[in-house]
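So, here come the structures, one by one.
One chain, chain A, appears in both complexes that follow, with chain B as partner in the first and chain C in the second.
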Partner chain A sequence: MGGRERLLLLALMAPAAIVFAAFFLLPLARLFVIGGTGPTGWSAYLAIVTDARYFRSLVSTVLLSASVTAATLVISGIAGVFLERNRFRGRALVTAMLTLPLAFPGVVIGFMVIMLAGRQGLIPEITDALFNERLVFAYSMAGLFMGYVYFSIPRTILTVMASAEKLDPRLEEAARSLGARPWRVVADVIVPGLKPAFISAGAICFATAMGAFGTAFTLATRINVLPMVIYTEFTLQANLVMASALSFVLGAITWAALALARSFAGSSVAAAG
Partner chain B sequence: MSAPDGIPIRLERAGKTFDDGTRALEPTDLTIEAGETLVFLGPSGCGKTTTLRIVAGLDQPDAGGRVWFGSDDVTEVPIERRNVGMVFQSYALFPNMSVADNVAYGLKVRRVDEAERRGRVAQMLEMMHITELAHRRIDQLSGGQRQRVALARAIAPRPRVLLLDEPLTALDAKLRETLRVEIDRLLRSLAITTVYVTHDQAEAMALGDRIAVMQKGRIAQIGTPREIYQRPSSAFVAGFIGAMNHVSVRADNGYLIGSGTRIPWHGSAPGGQIMFRPEDVSIHDGSVSPAVMEGRILSAFFLGDHTRLSVDLGAGDPITVRTEARCSFAAGDAVRLSLPAERILWPEA
Partner chain C sequence: MTRRRHSGWFWAQLAFTLLVCAFLIVPVGMSMLAGVTKNYFIGIQSGVTLEWVVKVWTDYRHTIFLSIKIALACLACTLLIGVPAAYVLARTQNAFTRTIEELLVMPIAVPGLATALALIVTYGTFGGFRRSWLFILVGHVLFTLPFMVRSVLAVLSSIDLRTLEEGARSLGASFSQRFFGIVLPNCRSGIVAGSLMVVTLSLGEFNMTLLLHTPLTQTLPVGLADTYASLRLEVGSAYTLIFFVIIIPLLIALQWASTPRAAQRPPSDDADFDVRSPPQPAQPSHRAAPAHVRS
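Moving on, here comes the complex of A and B:
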C-alpha cells in the first residue's frame, strides 16, 4: 500500500474515529474514572462482588440473559427453519407477526406482559377458572423473561431464516443416504450449518437482554436486574460512583460476551467449506 | 472386499410428475440386474436425476408406480432405511467434519463399534488413495480429492446399491479420466448394483454394463454399449453415442440415390434418411465394387493414427469420414468413398 493510499484511508476513517472517540471512548473513560473516585476509592469496583445486593443482581442479570438467549435460540431456530422450508398460505403474515415486536419499545413490551400475566391479566383469569388460583408472574423475573424472549425472537428468527436459506439440501440428503434418521440430520447437518447464525444472533440477544431497561422499569422497580440497580443508585440514592462502576462492569461483561462469540463464529466460519 | 451382494432393482410403471405439473419421468418399467452397472445417459433435463432419486428413495414415484429392491417393495421406504450409497456431483461432504469423520459417518449412524469403524475407514481411505488426507478439513481438499472422499463415504457402510449422479462432471478432463478408471476398478471389485448418471457418452461407454439412453422423460433405448453403438434405435440415440452421419436418400430402381450418393440397395428402404458411422466409410480403393459416394473435402485433420475428413456431398450436412489411409488429403480434393451395405442404419424416429 502506497503512502498516498494510506493517507486516503486514514482520511476516510476519520469521521468514524471522531464519533467513536466522542461518544464512546471519552464517556467510557470518564465512567471508569468516576467509578474509582468515591469515598472508598477503587474498591467501589470490589463492592460489586463483595456487596451481596450488587453481586446478586449481577448474577441474576447474567443468568436471565443467558436463559433468555437459550430459549430464544431454540424457539427461533425451530420456527425459522420451519418458515424457510415450508410454503403455505399465510406464511408472510406469520413472519410479519413474529417480527412485529421489532417495532415496540421496551415499555410497550412491559405493558403486554402485564396484560398477559399481571394482576388483571389473561393467565391469572384462566388459572383462576381452572384451579381456583390466580397465577400472577408479570412482576417477577419470570415476567421479565417472557418479555425479553418476546422481543428477542424477531431479530433471531430473521437471522436464522437468512441462514437456513443457504443450507445445502444435498448435505441433508447425503446424511439420510448414509442412514441418518431425521433427528440425526438436525443434529449433524442443520444445527452445525446454522451455528454461525446462532452465535451472532445469540450474542446480540444476550447483549440486548443484559442492557434492557424499559421492560423491567414498566413491570416493577423491585426487579433486581443490573440496569435497574444502576438507575436506582443514580437517581434515588444519588450514588454516582456506584452507578458508574456498575455501568462499566455491565458494559465490560457484554462486550466480552460479544467478543467471545465473534471469535467462536470466526473459527466455525473458517471450518465450514 | 465383501462377497458380491448386489440385489436387483425393479421399477414398475414408475413415473414422476412434479407439483408444478412438470412430467419429469413417464411411467417406466426397468430392471437393473444384481451387481450390474446401469448408466443413465441423456441430455440435460431428460429425467436422469429424477429416476435416480426415485431409486434412492429421495422422491416417491407417482401413484401406481412401484420400486422393488430384490423381493422387497421399497416404494414407501425412505432413503435412510434403503441402505443405499449416494455420490453427488457437488460432493455434499460435511464441512464440519474431517475427511475421516465424513467416511465414518454412515458407520457411526449404524452404531458400528469404534474399533471396526476405524479399521473400515482406514481401509476405505487406502482404497481411494487418500490415507494421508484423513485429518484434513474438507475445504482443504481439491475437487478430485473431495470426490474420492465422497466415494469412500458412500461405500464404507457396504450399501446394497450405489447411486452416482454425475460424479465427475465438476472435474477437469484429465482428472475425470483418471477417476473414471478408478471408479471402473472399484465397481468391478465391489460387484454392487450401481446406477450411474451422466451426460458424457465416453463415461457411459466405459463404465456401463448397460446404458439406458433417456430422452424427454423416457428411456429411448437400453442395451449394452456395443448394442447401443452398433444398433441405435433412433437418430436421437445414434447422435448421442459417438458421431453419426445422416444422408437423405430415396430408393430408386435398386439404388439409394442422394446428393453425391448412389448405393446399390435391394432391401426395403424404411425411411428417407440413412445413418452410418464415420469409421464405417472408407476411401474407395479402386477395386471392382464401385464407389458409392463422391464429394469434395472441406477439411482434413491428421490425428496421427487416423485422419478425420469432412466431406461435402453437394447437399445436406457434410459427412465425417475417419480413415486410416496413409495418403495425404487436402481441402478441395475430390474424394470417392465406399460403404458396406450392412453398416447402413435406418433411424426409426
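Moving on, here comes the complex of A and C:
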C-alpha cells in the first residue's frame, strides 16, 4: 500500500473517528471527572457499595439481570434447538415471530407487560376465571422480569439456532444408543455444545438487562433498579454528580460483562444492542 | 428425510415453542385491538372506533414526523461516516484498527442513559444545540453507527477485497473508481441490512432520547411513554398501533435482509457484480470471490 493510498484510507476513517472522539470518548471522560466533583470527592464512586440505598439497587439489578439471563437461555435453548432440529409446516413463521420484537423499544415492551399482567390484562382475566382471583403483577419486579425476558428472547434465539446447526446429531445418537436418558443427553451433549452461544448470548442479555430503562419507566418509577435510580437522581434530586458516578459505574459493569464473555467465547460475541 | 411419527417429546417441545410465540405475539395483537376499541374495559363488543387513532394523530403527529426526520438524518450520517470506516477496517487488519473496531462498539455496551448524561454534562451548556433536534441526532448516530459498520464489515470480510482491488488497480482504476465501482456495489447487501437496522433502532430509541429531548423536541417513543403514564389505555394502545404500523414492516424487511442471499439466488447470478463506471476490471477474480455470500 502506497503512501497516498494510506493517506486516503486515513481520510476515510477520519469522520467516524472525529465524531466518536468528540461525542463519545470526550463526554465519557467528562462524566467520569464530574462524578468526582461532589462534596465527597472521588469517594462518590464508592457510594455504590457504601451507601445502603445504592448498594441495594445494585444488588437487585444484578440479581434481576442474572435471573432474566438464566430464564432466557433456558427458553431460547429449548425453542432454538427444537426449531433447528425439526422441519415442519409453519416453522419459518414461528421463527419469524420469535425474532419480530428484536427492536421493540423498552417503553413499548413495558406496555406489552401491562397488556399481559396489568390491571386490565390477560393473565388477571385468566386467573380470575380459574381461581376467582385477579393476579396483577405488571407494576412490580415480577413484571419487570417478564418484560426483560420478553426483549431478551429475540436477541438470543438466533444465536442459539446458529450454534445448534453446528451440533453433530451423531453425538446424540451415540449417547442414546449407549443408553443415556434424554435429560442426560441434554446435559452432557447438547448444553456443552451450545456453551459458546450461551456465553455470548447470555452476556448480551445480562448487559442489556443491567442498562435497560424504558420498561421500568413505563411500569413504575418505584421499581428500584439502577438505571431508574440514576434517572431519579438526575431529574428529581438534581444530583448530577451522583447520577454521573452511578452511570459511569453502570457503564463499566455492562462493558466488562461483554468484554469478559468475548474473552471466553472468542471474537464472535457481537453486542447486539 | 424419512417421514416418521413424532414422539411425545416432539409435541411437548412444539407446545412450549408455540407458548413462547404466544407470549411475544399475543400482547402485540391485544394492544393493536385495544387501540381501535371504544371501551377496553367493556371489550371489543363496545364497538370498533378510529376515535383514539385520530386523537393521537392530532395530538402527537409532530412526534412521529420528528422521529422519522431524525431516523433519516441518522441514516444519512451513518452511511456517510460508517461505510468508509468499515471499508478502512476491512482493508487494514492490524492491532490498531482492531482497537478502533472495539471502541466503535462501545456505545452499544454502555447504557444509553450513561451516554446521554455524558453528552449533557459536556454539551448541555451550548443552549442552541441542546434545544435543537440535532442534540438527539448525535446520540442516535453514536448508538446506531456500530450496527452499520459491523453489517458492512461482515460483508467486506467475506469477500476477497484485496484481489478484486488489485485487479482493478492493475487495469488502471483510480482509488475513487475502485471505491464506487467495486467496493460499494459489493457490500450492497450489508448496506441494506445496516440501513434497515439503523432506521429501526433510531425510530425506537428511548433510553437516550428521554434525557436528550426537550418539550419542543419530543420523539415518538417519548410521546408513547407520555401517553402510557397519563392517558387512558385506549389512547396508549392507539399510539402503539401507529408505532407498530411503522416499525413492523421495517422489522420484517430486516429479517428478509439478514437471511443468507445464497438461499435466495443461484450462485451463478452475476447481478451483484455490476461494476458501473470502469467496465473492465476484476472479472477473472469474481469466481474466486462470490460477492453475495454472507455468513
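To be clear about the criterion, the second predicted complex is superposed on the first by the 237 of 273 C-alpha atoms of A that agree within 3 Å, B and C clash if a C-alpha of one lies under 4 Å from a C-alpha of the other, contacts with A are read in each partner's own complex, and residues count from 1 in each chain.
To be clear about the criterion, contacts are C-beta pairs under 8 Å (C-beta built on N, C-alpha and C of every residue); 3 or more make two chains touch, one makes a residue touch a chain.
The structure displayed is predicted, hence computed values, not measured ones.
Of the two partner chains, chain B is the only one that A:Ala175 touches; chain C does not reach it.
Ranked by how many residues of chain A each touches, chain B and chain C are led by C.
Applying the stated contact rule after C-alpha superposition, one finds that A:Val74 touches neither chain B nor chain C. Applying the stated contact rule after C-alpha superposition, one finds that A:Pro192 touches chain B and leaves chain C untouched.
When the shared chain is aligned, no partner comes close enough to touch A:Ile126: not chain B, not chain C.
By the touch criterion defined above, A:Leu46 reaches neither chain B nor chain C. 271-273 are the residues of chain A that lie in the contact sets of both chain B and chain C, per the superposition on chain A.
Chain C makes touch with chain A in their complex at residues 1, 9-10, 13-14, 16-18, 20-21, 23-28, 30-31, 34, 40-41, 77, 80-82, 84-85, 87-88, 91-92, 100, 103-115, 117-119, 121-123, 138, 141-142, 145-147, 149-150, 175, 197, 200-201, 204-207, 210-211, 221, 224-225, 228-229, 233, 236-237, 240, 243, 247-248, 250-252, 254-255. The part of chain A that touches chain B in the complex is made up of residues 168, 170-171, 173-181, 184, 188-189, 192-193, 195, 268, 271-273. Residues of chain A touching chain C in their complex: 5, 8-10, 12-13, 15-17, 19-20, 23-28, 30-31, 34, 75, 78-79, 82-83, 86-88, 94, 96-108, 110-116, 120, 122, 150, 153-154, 182, 207, 210-214, 217-218, 227, 230-231, 234, 240, 243-244, 247-248, 250-251, 254-255, 258-259, 270-273. The residues of chain B lying in touch with chain A in their complex are 56, 58, 78-81, 83-86, 88, 90, 92-96, 105-106, 109-110, 137-139, 153-154, 157, 163.
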